[in-house]
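Each of the two complexes below includes chain A, the first together with chain B, the second together with chain C.
Up next is the complex of A and B:
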């Protein structure tokens, strides 16, 4: 269980994190979403005390972060943090000396999965290979806690898929996983929970299925593509959106009633859709200007 | 995690040994007249004290001290990797220092051994003898590089790698200039200040002697050793405290 409570971090007068709180129970994968500079990496760094938070704390399995916590915690930073002059093999040797829980056979398997040559020096690795080595080091200890800051950065699509499977596998074995990515589709596939950061604040958090179920999209297509003046008067529609000839209504209650009303208003076709994670994310950051 | 430092110190010692080997070859060639001239050295009745050889080793180790002091603060890019391992930051730092101290001790032995080889090559091996000041000299030979290491580490502990490299490189000219300035006539206040600084200068201690010298600390080797060890024992923990409290 990862429990982050009220993390606040300021650099001078700039507040980078403003009371960030989130929980990731055992066996759960929490996707951390946010635009660049929203505070995702700082959340990881403050949780692990790589940066000093001004307030708040992170607890792991109910305990504050201690040296012993790292025995069961795997971390992949957003920028691979390796020794350029050491080989892949030497990095593994370093990990094997540091962790009692290090599993050499597992590390070999992972090296094969990521097609890494043990004799290669870290400075000769591509960005994707550096990420891969960080993942090997994180997963070789069979961690119960995983903090993964953009763990698929630079990986090819096959290795991205392999990584997602590793993450899902770890969670199915009981690990708590906090996983940030800009690839919303990846998070949608792997995560069961989500937290969206905006300007250092959590603006949306919870179980993805519950969040998706909380609101439906009713999509109606009109022959002439004309928006009917009587449509917006419908009860329970929070927001309307135009997409060509289609009109989308976001409704929290009784989508069937909205669908029926749209059909009566002359829609050629009407369908009720679930919101996807991208919809949730876009809604959560709605109103933010492009950076 | 001291494994990284062991690898790094091993690499530095290999480079140091290669440099020593070159010096050894050059000295041997010169002593045997291969350089177009011959130097005759006699050690007289006093011979060569083992303590002097160890002190020479201390000079060698100071080159290593300047290099090693940059290793730990130069880690900043790897801190997220290093500091998320189940080893406390302080334990990690002290293990680094222990490995570096062993590396400096190896540097002393290697340099002293090189000197012994040169003396043996001159057929004067019997001139080497144990002298009463050997324990104090040995303590000074390790204490001075450790003091150098501690001062440099303290100055570099919060810096980024570029700054760390600069501090290591500047330590030699800085300590030499301080020792030199302590010898020249300066306004009294400035002179007092420079002499005060010179009392933090490991070079002034190791190059000093029991007799009053210019710009160098005049005291018996155990006293100078004690001063160097004090500097080391104050600066190294202070540097570690700063390093462990930085952001990774």
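Up next is the complex of A and C:
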């Protein structure tokens, strides 16, 4: 269980995190979404005390972060922190000394999965290979807690898939996974919950299926392009939107009833649109002021 | 499992419904035979890169509907008893959903009722030619 509570971080007068709270129970994968600069990386860094939060903290399985937590916590930072002059093998060697939970056989498998050559120096690695080595180090301790800051960045499609498989495998074994990415479609498959950050605040959070089910769009087109003023006051319609000859109703329940009512009101055509995670994300970050 | 599943996260249809329908369809057409063992939740989640909780929910739903059975420690299997009947019911359900979608779409496009009926009859005549007298 990862429980982030009220994380706040200011740099001078700029507030980059403003009371960020989120929970990731065991066996759950939470996608952390947000535009560049929304505060995703700072959330990871403050949770792990790599940056000092002005308020709030993160608890892991109910406990504050302590040295022992790192025995079961895998972290992949957005910029891999490797030693350029050491080889891949030497990185593994360091990890094997630092962590009692380090599993050498598992590390070998992971090296093969990511096609890494143990003899390569870190400075010779490509961006994707650096991420891959970070992933090998994170997964080699069979972590129950995973904090992954864009873990598929720079990876080719096959290795992105391999990484998703590792994440899903870990969650199947009960791990809590917090996973930031810009690949919304990938997150939608792999994650069961999501948190969207905007300007350092959580603007949307929860179970993905529940969020998707909570709102549908009923779109109606009227023949004369004129909306009747007597469009019925419909139950459960959160807002109306006019777009050309179409009228869109954002509804929280029973879209079929709304569709039927619009048809009775004289709409020529009516359709119910389901919303995917990308739609919800775009809505949540809409109107963001450019930095 | 030799069955292929195509899950499209961009589609508005919830992922668990997509997987539920495709598993039902596989049972209905016999691609998953009665008594056949299903992959574990974990194996299917990894194979399809889907959230394990989503796959677990699909299995629970199929179990509740009696389409699969789970024997503790042995895994999940396509239900064996009375499967011919079950298969018909499942096939009918899957077909009904497809028809409902088609009718809804035709309605959205403003196709009149009689014209739609004609379209459906023409498709039936095309795919069930032996029924024509």
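Everything that follows uses one rule, which is that the second predicted complex is superposed on the first by the 242 of 291 C-alpha atoms of A that agree within 3 Å, B and C clash if a C-alpha of one lies under 4 Å from a C-alpha of the other, contacts with A are read in each partner's own complex, and residues count from 1 in each chain.
Basically, a contact is a pair of C-beta atoms (placed from the backbone, for glycine too) under 8 Å apart; a residue touches a chain by one contact, two chains touch by 3 or more.
This structure is a prediction, so every number in the text was calculated from the model and none was measured.
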Worksheet item: Once the shared chain is lined up, is A:99 touching chain B (first), chain C (second), both, or neither of them?
Response: first
Discussion item. Just to be sure I read the superposition right, which of the two partners does A:11 touch: chain B = first, chain C = second, or both, or neither?
Written reply: neither
Discussion item. Going by the contact rule set out at the top, does A:75 touch chain B (first), chain C (second), both, or neither?
Written reply: first
Item to complete: Based on the superposed arrangement, let me know which partner A:240 touches: chain B (first), chain C (second), both, or neither?
Response: neither
Discussion item. Just to be sure I read the superposition right, which of the two partners does A:67 touch: chain B = first, chain C = second, or both, or neither?
Written reply: first
Item to complete: Answer with first, second, both or neither: which of chain B and chain C does A:28 touch in the superposed model?
Response: second
Fill in: Touching both chain C and chain B, counted on chain A across the two superposed complexes
none
Fill in: chain A to chain B touching residues, read off their complex
45, 48-52, 67-71, 73, 75, 77, 81-83, 86, 90, 93-95, 97-100, 137
Discussion item. Which stretch or stretches of chain B touch chain A in the complex?
Written reply: 1, 3-4, 7, 77-88, 247-248
Worksheet item: Quick one: in the complex, what on chain A touches chain C?
Response: 27-29, 161, 164-165, 168-169, 171-173, 185-186, 188-192, 209, 212-213, 263, 268-278
Practice prompt. Going by the contact rule at the top, pick out the chain C residues touching chain A in the complex.
Written response: 7, 9-16, 41-42, 45-46, 48-54, 104-105, 107-110
